[in-house]
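As structure tokens, the structure follows; a few thoughts come after it.
Note that the chains are named A, B, C, D, E, F, G and H in the order they appear, and that numbering of residues resets to 1 at the start of each chain.
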């Protein structure tokens, strides 16, 4: 077992059109440092997700200095990342203040991959007119990422109004029967609006990757 | 164990203001017939819920002849029941065609207890303007029973718009992650709209009883 | 994303008759401070629930000075709140000492909205005569909030004795098969007493809001 | 694999003081017939539980003729069984009509083992005074078997009133969140009344066996 | 309640670009006939899903004669449907023979909406070279629908190889821990391949609708 | 709400033959101190369970000085408790070292109520001869409490060998599919040995109370 | 989609040393017939599992005539299968009569692949001496398949006594908390005996395949 | 209860061919120290698993000095352990960096028992060619331990390619629907590759023990 068993996939961007990223939660400080050593050695960049402040602080100084960190989403860009080249194609719509950590994880993932999303937050359906006012703006986007916890009713309402791709990101917001996001997940999957798709709970990164897949298919008509 | 262990609660209407009813599912033909023997002997009436056509057919002819049966809700009124005396106080709002068996169980329970509900069906949020058109009518009712399966998004949308009592009746409509109504139940309980209350899955009878409690409290200001 | 994505609903009281509130758990210190900035700027008041002592301590001094905090329920009233105008209409009945945090969340929510509840605690059914002694007092209230964890047998016993509105608030009290409140929730929903309604686990705030809906319907006969 | 793999435990009565029994559900007609062949060959008797009418009808005539069958509990006594020698020691208390199949399975198991139970049915807590009237009678029994489905509140109420052994048999009565008996099971295990014990859902046979163990310990002070 | 509460959404195609469809499971024979009456009266067409042979047989002859039925998928086209105008854009990849009912539901939904899919079946990963041989063909499609039950490993393998949109449709194929599709669902959502999206268990219709959303976004770059 | 809502049940010992106890987990320091104030004021004693070292340390000195504390079981006797008067009637059999906290909770509860148990530990079935050697000793007790986590196979083996009362206390020992005790609980309830009864996970107190009920029934033949 | 999407894996035996098999449950009559057409066309043989009598009866006569069917296990050998060449290497140990359908599925799978197992049935641990008598015989086998439902205590007892490979096959035998085999599965996985491995619920076929893998590894010391 | 109830099984190695080990999680510092006292007194050695750094630090110095500790796996060898005598027989294949703690627990357990595994890590199927490159090496081992979390697709891919014994160790890597390893567990058990066996979540120790059983059977053809 050389190199701590770490086996990075630098060819991913060519193959899938999405840059490599690293989920930091569940990895030891030594493992994270080892990964960044290799990225730095190649002169590559890396998106870091679920990078808790404590883990950030424990990184070697040289690595930490190269990280553009955002506290809300606990994401970091390791190495220089160009400004987004494309906007107006993806909207991120969030239900509540507590969902913003997930919304921003999606936004940062898109930005890292060159896409600037439109962000529309705190429009949960308990006060549905807040959402309705924004619908004309939302439907202009070919891809909409809907981020909601608890009952995830936002997903169904958007699914019935938006003609483009709708990607639901259920969140673990809530308590009791919210079941750490399981209710939002199941409600999104059982949505009465047809053709809504879903990713894992709190997976803002995955929602953004799904949007990137849709944009890529969109751009050329042939993804390869 | 005399009398087959059956122990009817004829004093319930005086005590709680709700008439006795019998859940027929899970009881044998002999048990159902025995219960009706006693009701008939007292000259009383009885609401029968979950009375499947097969169970109805197996009742003694004399009993069956006294039953006003509705197939959609599988409910029966045993003995003469007066027409409702009161209307415009309770609205039943249903999401889809498959929820009508539960909507009608609630409607029949209300009717048996003297209340004629307003019924508004097939207004699920996948096509939210169908619902929005009916909102001005719905909000005029002090009590609203919201009946929905799958994601139960209807419950949250109504909860944010209706100032009165909102009673959610989740239904087992749907498949897969709808989990026989569990997702609709949990989404209703985790609703982002505050003060929505919930009864058991498919429990149209219970939703109606909750409405009767609210009306009774409403009527006198002091329920006893 | 201006204003941190916060989008307050100051019109809620007019629309639903219930004041806006903020669930503090799951929000960052910066998000909470930002919300209070806006409330203060409008000269409005706010009910704060699930406000842990640590989160309270991290608020800016000016905001913290305006908060009337209660440790048992972890609730705060931000800004001046008038004394309740109404009493004798809502009873809160709690099963055990460990349920008092939830009971008091309901009581504080009612008080914030102008209603003084009758509070009857530690009357779980393991010693049922403690409960039976209080029944004559309890049944005089048009609305009863029953707060219980573990087996929630209190809910069923009250449901069979109280003619008014019964709102069950299951709690996460207990361990093992109590399943963080799921057993109390399901037992309440499956109650053999008809017309009992239920809100989310530990949701004292929601139970109080449901009571306010019932009182409002009660007061005018027409909630709008 | 000689003898169809059937391996009966005729020494069980000597060892444990409880007669051998056979759970018929899940066994093929051929397997049941083979078991009875051996019991008959030894001149032994056998308690048969979960013996559905269809399975009874498919047994060889000679075997069927030796079976004393009760339809409510779907139990059969194969071979001659003596009348109970003992009474007044075990009470079976049932919540509703739908629980009687389980109550009677317990009663028949006791009878097969020589014990005549006191049977008190349809005393669920939704109408708690029906139960309260019978409490003085119930508490005179050293062993009480409480049979209830849905919320199983009967178990907790009895547990707080009965000083002897309380054995809860949760039933699958109910629908929706009753979860085929899981809610009654968990509510019984989480009961606020201390020292209540529980057996598997619908396991009237097991509840009776537990009562027999308690009686046996009771009789001699030393069970072996 | 006029018109049996049925409220069809004939404007859906204009709004969302997907034709109205009716899920037949869970609707009574009378409800289905009533829906078709209205569709026929408008001279419209309708996609019928989960139309069991028994339900088909019970429709009025005039309606049944207008239905193009496929037994594998239990789908029907009511009224004349034009041949697909577009091909080579969507691939449906299925893991096993038992998944074909779901694969074909997706294929029929696409065909009803004018899209002819490429169908590649029986390429589960237990024999991974069967799949690998087809990968060059699969990756040429901008949208891939992956249909698999049990462990749904096919989804992850495809997700790592296909650059376009990947929509997983988990199926209820399997037994025991396959848990009626829940394991395939969760494995798809937890896939180590990023940006894979998921719809409800057995929801071939929903997978196809998601593909149509992606194609529509793809076609114009602006879906409205 | 006078007296912090605390409502002690000092009559419990007379009624049920089991002394009052207090579950300390889930109660605030102020609530615990308030309870002990009242117990002290009456000159009564109290069994305290789940009394964590941190909670013990936070009690007022005067109270803490009166507590006989055992760290393994986290139990305390408040006030003077007489030495056990009875032995040889109850055996506690534990599967592993990690189960000893639960075993000792049962032992301490019995001791507080005057019963000295026989304790036989670390005899899990992975090395079944360790158990078999002790069986002759175990079966001499009219009541056996079997404490085991993970697969709880100890419960079934004992259930088939012990003729007296067998009370299973499943524990949360283990990880992964041990599911915090749920697997041990369900395995105990589904035991192939008939008449085994079960209490809640980790409920050593409840197991001891059940044993006390059995002994009391045993002692007089009539528990009241 | 030519050939009904069926894609058989005739190279499996060479690659894995286990013959191809077909799980018949979940496949339509037409699909089964189509598969056998191809097997017959190649002159190959096939193991058929979960072949219900009804499905067998619906096969074309020519195919049915070539099937050696066993009713207990619902398995069929299609085409001529040689008698086993090897014995004494695999023991199948079953807990109860209801587990025999799974035991025999394993036995038939082994026989189809040339291995004659030793079969020891009805030795569940409720009467543990029945098992203990057979232990000397069981431990002589290098591979033991333990088949048990409910609490699966047999698995743990064997795991502690058998030095060779122990493969647990949990069964869905039982009711209530047996949870269709989930309790037996989890108890087997959480077994206190180390190194026991587990396959899916009721998967006698899979248990046999695992035994074949172990034997193959065993035979040559190098499986390829 | 002498000796703290600790009852070590020093005869295990002779009986099962696997050395005794101690799971440190869930045991108190005093219990761990007591166990090591006895091991030291016998001059024996012991494998310690789940030995957290904090628990290691709290051991008496004399004991700690005798422990060869590895931080990644949190395992310790107490006392002198000989170097492995055997290699090339067991491969451990791991999906991701976060799975290495489990992989190494398996590797250390094998080493403690004299077997040096081949370790191949970070070959999850999201980039399947990384795995495919290593397949020729992997298949040369008679026993393969596959360690993977989330979707565990690695297990199915290996199961279809490896002819020898395949032991899956699902891990709790992942979040949301990964459900602390339950999804990986169920996906492994429901694998479309036949004859794959599974151990408990994160149970690297158990996976290694299963491999040792297979090797032992392999070595002599008769394990006793």
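The working rule: a residue touches a chain if its C-beta (ideal position, glycine included) is under 8 Å from a C-beta of that chain, and two chains touch if they have at least 3 such contacts.
Note that this is a predicted model, so its numbers are computed, not measured.
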Co-neighbours of chain E and chain A - touch as defined: B, H
Centroid-based (C-alpha) most distant chain relative to chain D: A
Reference chain H; chain at largest CA-centroid distance: B
Centroid spacing, where centroids are CA-atom means, of chain A and chain G in whole angstrom: 45
Length of the line joining the C-alpha centres of chain A and chain C, rounded to whole Å: 35
Chain H residues counted as touching two or more neighbouring chains: 126-127, 160-161, 174, 176-178, 182, 185, 189-190, 194, 200
Full enumeration of touching chain pairs: A-B, A-C, A-E, A-H, B-C, B-D, B-E, C-D, C-F, D-F, D-G, E-G, E-H, F-G, F-H, G-H
Complex contacts: residues of chain F adjacent to chain C: 1, 4-7, 9, 12, 23, 25-28, 31, 35, 172, 180-182, 185, 200-203
Chain G-touching residues of chain H, taken from the complex the two chains share: 15-18, 21, 139-140, 142-143, 160-167, 185, 189-190, 194-200, 205-206, 208-214, 216-218, 221-224
Residues of chain E defined as touching chain G within the complex: 72, 94, 97-98, 100, 103, 119, 121-123, 126-127, 130, 173-178
Chain G contact footprint on chain F (complex, rising order): 95-96, 124-128, 150-153, 155-157, 159-161, 174, 176-179, 182-194
